[in-house]
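There's a structure below that I have some questions on.
Going by the order they are written in, the chains are A, B, C and D; count residues from 1 in each one.
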Amino acid sequence: MSAEILAFLVLATATVAGGVVTLWSRYVVHSAFGLMLSLLGVAGFYVLLGSDFLAVTQVVVYVGGVVVLYLFGVMLTPPDREERSIRRIAVAGIFAVAALVVLLKAVFGMEGRWYGVDPDRGPASGGAVIREVGNAFMDKEAYLLPFEIASVLLLVALVGAVFIARREGGRGS
Amino acid sequence: MSPVPLHWYLAVAFLLFVLGLLVVLSRRNLIYILMGVELILNASSLVFVAFGSYRGAKGLLDGTVIGTFIVVLAAAEATIALAIVLNIFGTFHSVRPEDPNLLKE
Amino acid sequence: MISALPPAAAIFLAQGTGGESRSLFRDLFGAGSGWGSFASAVLGFAVVFAVASALPVLFTWAERRVSGRMQQRRGPNRVGPFGLVQAVADGVKLMFKEDIIPANAERFLFALAPGLVLAGMIAAFALIPFSERAIVVDAPLGVYLLAALLSLQVLGVVMAGWASNNKWSLLGAMREAAQMVSYEIPMGICLLIGVLSFSTLSLREMSLAQADGWLNVGNWLIFRNPLFAFPAFVVLYVALLANTKRAPFDLPEAESELVSGFHTEYSGIRFSFFFLEEYASMFLVSALAVCMFLGGWNIPFLPGSVVTGSVGAEILAALVLIVKSFALVFVMIWLRWTLPRIRIDQVMNLCYKYLTPIAFVCLIGTCWWELR
Amino acid sequence: MQGLMQTDWGLFGDDHLRLMLCILLLPLMAFAVQIFFGAKLPRRGDWLPTVAMGGAFVLALSLFMTAVQHPDPTLFLHSARPPADEDGLAWNWLWSKGTPGKGNFVFAILFDNLTAVMLLVVTLVSFLVHVFSMGYMKGDPRYPRFFAYLGLFSFSMLGLVLTSNFLFLLIFWELVGLSSYLLIGFWFEKPSAANACKKAFLTTRVGDTGMLIGMMMIWWNFRTFDFVEIFEKAGQAVIANGGVPPGWMTIAAILVFMGPIGKSAQFPLHVWLPDAMEGPTPVSALIHAATMVAAGVYLVGRMFPFFMFAPDAMLVVALVGAFTALFAATIGITQFDIKKVLAYSTISQLGFMVAALGCGALGAGLMHLMTHAWFKACLFLGSGSVIHGMHHEQDMRKMGGLRRRMPITYLTMLASTLAIAGVPLFSGFYSKDAIVAATLHPAPGYESLALPHAGGLLWSLPRLLIPLAALMTAFYMFRLVIMTFHGTPRSGEAERAHESPSNMTVPLLVLGLLAVLGGSPWLFNGDFLGKHIWFNGLVHNPVFDAASGIVSFPEQVGHEGHGWAPLIISLVVAGSGILLAFLFYQWKVFRPEKVAAAIAPIYKAVYNKYWIDEFYLRFIVRPLVFHWNVFCAAFDKYVVDGVVNGVGRTARRLADGQGWFDKNIVDGLVNLAAFLTQVFGAIARIFQTGYLQHYITLLAGGATAVLVIFYWFL
């Protein structure tokens, strides 16, 4: 067992465990921390896959930003200790498991249709160099347009969030 | 030293996706639902990066870029969605998705 | 032991992002993936943990002495020469004190939080280039990774505040979170100025690039681009001050209001983790500012070759960096005992209405400066 | 563009037509802007129509000079109609036939010397009235609207003058009537003004009805409204009838003449004009002295070649004109309201013109139109100035001695009075002299037709009436001047009267100058006495060639003079009229009151305007209204109600059938649609729970199903 496989197993455990906690916990805060664990695990996966930049972005934006936002959201709403409804989860589970089965079948039944992907070759060696990622963002031939659209999206989200949040006579009125 | 097969990553991503889906479907709190959406987004991003990485350097670059866009999207989504949730709470004093029903009937 | 897990994972993470980098420990264990890097990660963790634990001990003594001077009293001077061992004694005392967990606390999170807080700190230490080769991990993403690790602390603090099941703790934690998330904006922009100027994210390459100017200071960022980098440095310093919850930005643990903020319920070894983190982060952010703006390990007026080459030279370089960082830490202590605490709205005003616009102006100005 | 203006006028071309279009459109533009934005413009927009009219005047003057200076002007420019390919500045309104030109309603410009004279008169008087109104109407609450109406009137009048088509002439004719209605009733708060404008509109409409019938007769026979074509067809019709004009043409001419009777206030439709003095005085000057009332004279002049085919109709014209001239003059002697005197004077002078036309003197009639425009506009504006200075006091008995207080007004009015009285070397002298000459030698038909001189002794009536009217004119005009300006003030207002501001006196001075010089041949050829009827050189009488059937307008050679008889008659009547006026009113040798008492019944009749208004009211208006009411009531009861009830019954039967259809078939369909909607809605409602998560579940299930189908079945 190589270090990589060990790391993978540890991260997989963390990721799935975080997801389960998110699903199963009785406190929203626990769920948020479970989400955090899961996101950190995904960041680890990115490292293993060679995408350092994305891993760090994941940590900065998701763990340092989005999860904190959720925590704020949790703190600003009343404690909600809802009972876990087995029935609801079971009903949803039918769909979810069906989806899982179909997805797995879709992937594992994909003989000869991998489009250049070699599932046994391993991650790309050397990883994604940050300079190349930056060039890809700024390349007219590559991702410049989506990049600009994303920047506009962020601006819109910023303005929109401010606008929604500053609504007159909000809670308590 | 054998590398980790791609299918392992995919399996984890699918599991994560299904967990997110379950959260979205079964929880009765808007904040939970948003968290489930985050899980789903992460799962899809992971699939992108994993496939990209197993295609080689160029594929990894594309996977990284798409993953970055998903992160951006998720950040914007979380911001707006949480603002809306807080507004809903301010109006209806509830974060249950079924409570804002002024338009119903 | 749960508390120790996250730091180790963080080091591993940092190590994993190393890529094709050069570092002392990688050289020792033979670079590459696999068990070698794991072993180097373990060793790196050990070294960094040692450094990161030792420095706060020194700083607590220094703070007490400096504050004593400023308040016209002596400060600790009984244990050891000049009272130097006083801090060690305090640490030992803390370790052997009873570790109290409140009855209604979330035990797991309560235990995890200090480790999480410390994890980011320790991992961040691995990224500081003490000299050209004395660096645990020379990540290509250096500064970016550092910022990510700093932002991780917020979660630990919120976790601690919530797990304590104490209103003061929770309030302090939320204040902390709001303050840190806000001040990450000017901080990130100022860090971006350094990145722009040197066209690299690596702190080691930044330090290298600042060698050999006029009198060996001309290439330091604040002198190279005095018009914009110097204000940016000031902004960064203020933002880092807020990020480390130091006075006058110490609202999260304002004694007079919140007893002790998010770590009110902590005691013993877990409290020492927070304590450690606070003082270690003072050094960390100072070192970050030094590496980016103040020439890193380079000595003024001496040629850059003095601090490269032999092992002795590298130790000298490390000492230079530490001295420069100490200077900044001293300013922090000085400020703490000089300025009164400011209100939360003033904190936010300062961040959004002054520091962020100034930082943006500096960023645009630097763009012009570099393209000029 | 060639073909449009292929005339022997080398310099007359496309640009001139554009100028005419500009003249027409400038006031329209001013009106459009003024009516909507006038109140928001600086100075409430009065400068806009004024400047527009000034521009139009300059353009008209240049056209007039072109027409006057040309050595050999052709009167009617036959080719001023649009060419076959409808290229050019003609606007095809209605096409009754596929071929262009003939019998179609085309708006085109017909420009001849008649038009040139009228354009000059209308634009100049209108411009001066605009300037005068700036002072006179100052402070009126509807000040901008007044200027807008003036613009509308000017546009209508210019269109009337410029059009080549009888139908468009009618349209502009009615537009003139409309704007006159608006302007007379401008102070509609006064009941008298509101009634006056209605009266003017309705009275002229009586004449217009006759004119419309005449137009229809012309259309019926000629299938065209184009003036030039009408004359051509008339000539051909005469040839076809064996050299004798068909009888209907006489009737048509008389009917068409009814329009001018109404518009030019001839007996018996003159009653509206004195009442129309309720309008603002500038309106009286513009409409009731210079332009609109002259439109009737202009129409007769325009249709003159047609009238010349019907000497009997010409006799009617001459008699109506001559009688009106005398009849109105007698009333004018007795009136005390300064504007009423001028109104009856206007009617009288219009009678002069009409009589001249009836006697076949086109040039004399139109020359008097022009000179009358100058001095009568001057008189009206002068009276406006007096009224302004007297603070809206119009009774001459309360005036007197204004000569010193209003010297400019006095001087200009005196000049105009001398002109209207026919004192030699003043403009009115030349035109009145020509009219007297024309009545002495009436030539009401084409010589080439050799028609019997119809009417016989009746033709001597104008010879008698016209000089008598001229004498009275001199008398009552000097009565007006003496009562107003001479002697001593007879009221407080007269003592406190003041001269008007310069924007009122300057138009007065201009018009006064024109009253002196405006008819003098000297102005045109530097000769004071040489060519008495010099105007005939400008406006040529038509000549009919019985052999070819062509009406032409040759330059006349025999217009140097007409002997001493008319000159002596003119001098005698003018001198005796003035002398009488001075005897009565200045030197008080005779007492007017005593004379009035001596002939009390006659005086009473004249003073009450021969009770014509009362006669109309008693014998026309009231019976008409009464019988009309009775008739309408009966009509309403039996016909309208019957129709309504019949329609109601029918509708009810239909509705019964439709109700059954509605109840069983339409409702059935509607209910079926509703039922189906309910069924589908009930099905759809199962999925429309309103619960977010149900939707997501469905979404996930659907996506899964798609994938299942995709991977297992495809």
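What we mean here is this: a residue touches a chain if its C-beta (ideal position, glycine included) is under 8 Å from a C-beta of that chain, and two chains touch if they have at least 3 such contacts.
Everything numeric in this text was worked out from a predicted model, so none of it was measured.
Across B-D and A-D, it is A-D that has more C-beta pairs touching.
Between the Cα centres of chain B and chain C there is a gap of 32 Å.
Each chain gets one centre point, the mean of its Cα atoms, and the points for chain B and chain D are 85 Å apart. If each chain is reduced to the centroid of its CA atoms, chain A and chain D end up 88 Å from each other. Distance between chain centres (mean CA atoms), chain C to chain D: 99 Å. Chain contacts: chain B has residues 1, 21, 25-26, 28 touching two or more partner chains. Taken residue by residue, chain C touches two or more other chains at 34, whereas all remaining positions touch fewer.
Multi-chain contact residues, meaning those touching two or more other chains, occur in chain D at positions 693, 697, 700. Under the stated contact rule, the graph of chain-to-chain touches falls outside the line, ring, star and complete shapes. Remark: chain A residues 2-4, 7, 29-30, 33, 36, 43-44, 47-48, 52-53, 55-56, 59-60, 63-65, 67-68, 71-72, 75, 126-127, 129-130 touch chain C in the complex.
Remark: chain B residues 1-12, 14-23, 25-29, 31-32, 34-36, 38-39, 42, 45-46, 49-57, 59-65, 67-69, 71-80, 82-87, 89-91, 93, 95 touch chain A in the complex. Of all residues in chain A, those touching chain B in their complex are 2, 4-5, 8, 12, 15-16, 19-20, 22-23, 28, 31-32, 35, 38-39, 42, 45-46, 48-51, 53-54, 57-58, 61-62, 65-66, 69-70, 72-74, 76-77, 80, 82, 85, 88-89, 91-93, 95-97, 99-100, 103-104, 107-108, 116-124, 126-128, 132-133, 136-137, 142-143, 146, 150, 153-154, 156-158, 160-161, 164-165, 167, 170-173.
Those residues of chain D that touch chain A in the complex are listed here as 693, 697, 700-701, 703-704, 707-708, 711. Within the complex, the chain C residues that touch chain A are 12-13, 16-17, 19-20, 33-35, 37-38, 106, 109, 139-141, 144-145, 147-149, 151-152, 154-155, 158-159, 162, 170, 174, 177-178, 181, 184, 201.
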